[in-house]
């Protein structure tokens, strides 16, 4: 039993964080939840209840999903004024629409009259948002423009669509369901320069694949935050990347290969203003609960001879964005709680998570290419898709399998590898801090 | 936000009803429910919780579905002694059977021995009701007639089927699951004369179509109680009827058309004893919580040139009941919580609702024609069905869409149109009164 | 209503047991549950809540399924070291594996690292148990052998698989999820001699059929514990057996037939050391809450001319075990909460129940024949299967139908037949005692 296991050094170092955790205000939590939280300890996986309990899922929605910034989609999915897409965060449906002034706006997809969904489709174009029930009509700025049949003394200014915060950053759209959204500027300052050369705002969607993962959203993130599992589970991924090597197994040969690639790339990329921002084996450290870092992006070298995250490392589509040379390594970004992206010289792949229940996560994987690229002429889906489709599906299978095990009453917290699962630990610390 | 919206005149008028509402005994309700009820206000849609909350659904079952009078089916579905049908009110299965003395009786479909269902089929004929498990045998009056294998000292008189109240009125069968059923005589006095000329007890079922509507039963009723949504959603319906015109949009031309039709009909129908009982545009006012009116029926004129609610207004089946002329307008009736019927000279259409869960309603639409009419000789289903099949399915789609919106945490109560949604408001007031 | 029914003699006799029941410590039960228990009375079926209530189902899992001995499978399903099967008790997945020393062991199918399922398949062979996520590797004795990538100071001895108790008795495998498993020796002393001549450890699986029964597991047992329902529901079964006759309907002719068969069998079987241990019409009495009898086995005569529980009574496969003559009657055994077996000279049929939810039971029926028998040469499935396949499916249908009735709010406890349902009563008393 974990309680009888002696503490490793890693445990002792994390003691300070844990202490702070317990001092955080948890007054609004139920006694039961407080007791569960008190039994979580750094360096170990959380109690199993955090992965299936309905009350905890509701708290996740309240404290994280309806408070933070969520990746909603890509600018190129709504290029013209009136173009919209909808998405669902648990039971909340949101419209993301390009308004007449060109800015992206977001609204709750709920008529202010009788609560009907306004847009029943996942995407479309609407000069005005008209509720299909009684035709209450809203502008794409959310204002109520007409409500034929209502009494004359109704103050229409009071019945605009409930707004949702929205931000657009270099082709990525973020929303926040919070009344007071947290600051976005630090995230913007990291994401904007990182994504600028990739040109996602001059991209087009080549393919969207949707998945239902029978697993809690946190299991999907924990899986994402380590490559301890990569050697066996991700044969395609490890051919392209150095990040499955960690401090403990980066042999002299591996370190030399990585350093050679970094040196070569730094020298070459400096000309185009691209910097290598992750230069070590192992994953970049993310997130950071103490410094409230829920966003990060970095550029790293691929293995020697690879210019794109494809099954053989070759370029499979026209160069994107500002790139004039295929040899740009990969741009990687992730924002909590629902987005990661790997982008190569010729394509980008975004993964968006949305919560569907305590044991259900919706994942959407979107492949983006240059806006002028033509399918079957400039790129083929059977070359573009496999690398991330296989890697994603390998991960979803792992997550489902882990959920089934975590559901067992015999499941007890286990220790994280200090060399390989530091980011899983960091994710859990971030998560627990958000709850409290 | 609704709280900051100034009250309309309609709101003020309804203040008196609201005051009475709050004085009603609510002592058995949970504090949470009382708080939700206290936040409902006349003229506005109820809080979203009323459409998905499990506790409220349970209360709906207790206070309304297991207390009031429910439409169960038509007399012509069980014409002979021993003919039965079964229906389910949430988890309660009920047998409606014609007993040997010719009267309709109803019983819980649960053996008094070990609780097995007795009738597994939806309809059938049984001289005696025999439990399939151990063959306990009941008469069609519910008495336990035999229980082979039980001890001799068992007092069989104590083990008749648990009874359910039943009434038959002009071809319509009503049941009540309550121990003390509410009075039926006022409903009888309204329904009997209205339905008498229609001859539903000399009818036959031409078609039954069953639907599962992914919506709370109250959303289905609220949809039924207004024609504010008709202009766009019901192109077939509005061709035949005047009731989608309301006080605010009944132009002089519309009023003149309606008055002409009413005058013409009154003069003509007087001969046959048929009265025009709804003579205005807009729907007849129903229900009425203050006067405990959960039943109503009226005859109204169709638009000029229409004699039946069909897609082109023409008669599509032989005349029913006492009618000797096709020009009899339409008979319309509705009883809360689960029945409405529109009947023309040649056919009648009944809609029966049954609750399946907080977000699930079973709807059955039944078309009735003269008992001697022969399909394909006297009527064709493709002429008989479309009007109400289309109208019904248009409504179910609206309800599902509304449920999806109401489930959003962003859904807030909205104001009802005083000219077009007076009956939705009346329904909600009736509902809230029943709860408390 | 039951409360007003006068008590039969049976009721009075059971008064003593009931008194003891109420004295049992129930301090950990919720007030609601105590109130429900207090309203149960011997000789009558329990309140309907016991068959669908989530809290009671959770208590069943805790007090019965995760405490007692569960039949898991047959020795012949895991003949070699490393052979394993998995099964699920509600959300707990268990691995049953033959270890290198030849003994059967069982472990929770949950990796001690991050909680992933280790074996994703229902059966297989594994020299070592390797978690698919990060390849933590366990011996088939449960010890953690390797965890590449973890910190060096991790004490691996603390991270063996969580053990599950396991016992093997004459070809049957039992497990217990309890920390302190109840004693198995009395069960062993009954089951071992009974099953020895049947030779299940020299058998092979001829067929497995899995069922999902939409009924609470207790309804399945109650159905199993009486043959009151057999005359009508089990036309195949009653042709072979005497146990559907009970004290009240065993005519002189029936008693004479049974006694003749018993006398004949006793004389003949004595040579082979087989004893007739159930010699009366009606079922053997089982279980016995007072003496904590949750296991039983007995041999009984089939009807004249029948040597196997097949549709025509003829032998359909080679003789099993120690039998040298087909005329050995049937061996019958049952252990609570999840196993029964009827075995004839040529084949055995085991039924294993596992709980899937308040209204869901998984049933697996397994047919076993001699290990050397070859399908289509020595036995045909269309001769082997029908007797128990039909009988089982007839029962599952009854159980589903009963669950639907019990779900009705109108379902009230009914009286048991003292001559035909004494074992149903005994089962309920055992169950209630286990809860408290």
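Just so it is clear, A, B and C label the chains in written order, and each chain counts residues from 1 on its own.
We take it that a contact is a pair of C-beta atoms (placed from the backbone, for glycine too) under 8 Å apart; a residue touches a chain by one contact, two chains touch by 3 or more.
What you see is a predicted model; the values in this text were computed from it and never measured.
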Report task. Could you label the chain A-chain C interface same or different, taking same to mean over half of its residue numbers are used by both chains? Result -> different
Report summary line: Overlaying chain B on chain C by their Cα positions calls for a rotation, in degrees to the nearest 5, of 120
Query - Gap in Å, rounded to a whole number, between the CA centres of chain C and chain A - result: 48
Report task. Find every residue in chain A that makes contact with two or more other chains and list them. Result -> none
Requested in this report: Using the touch rule from the top, collect the residues of chain A that touch chain C in their complex.
Outcome: 4-6, 8-10, 45, 48, 222, 228-229, 232-233, 246, 248-249, 398, 401-402, 404-412, 414-415, 417-420
Report task. Please give the residue numbers of chain B that touch chain C in the complex, ascending. Result -> 66, 91-93, 108-118, 120, 132-135, 149-151, 153-155, 158-159, 162, 177
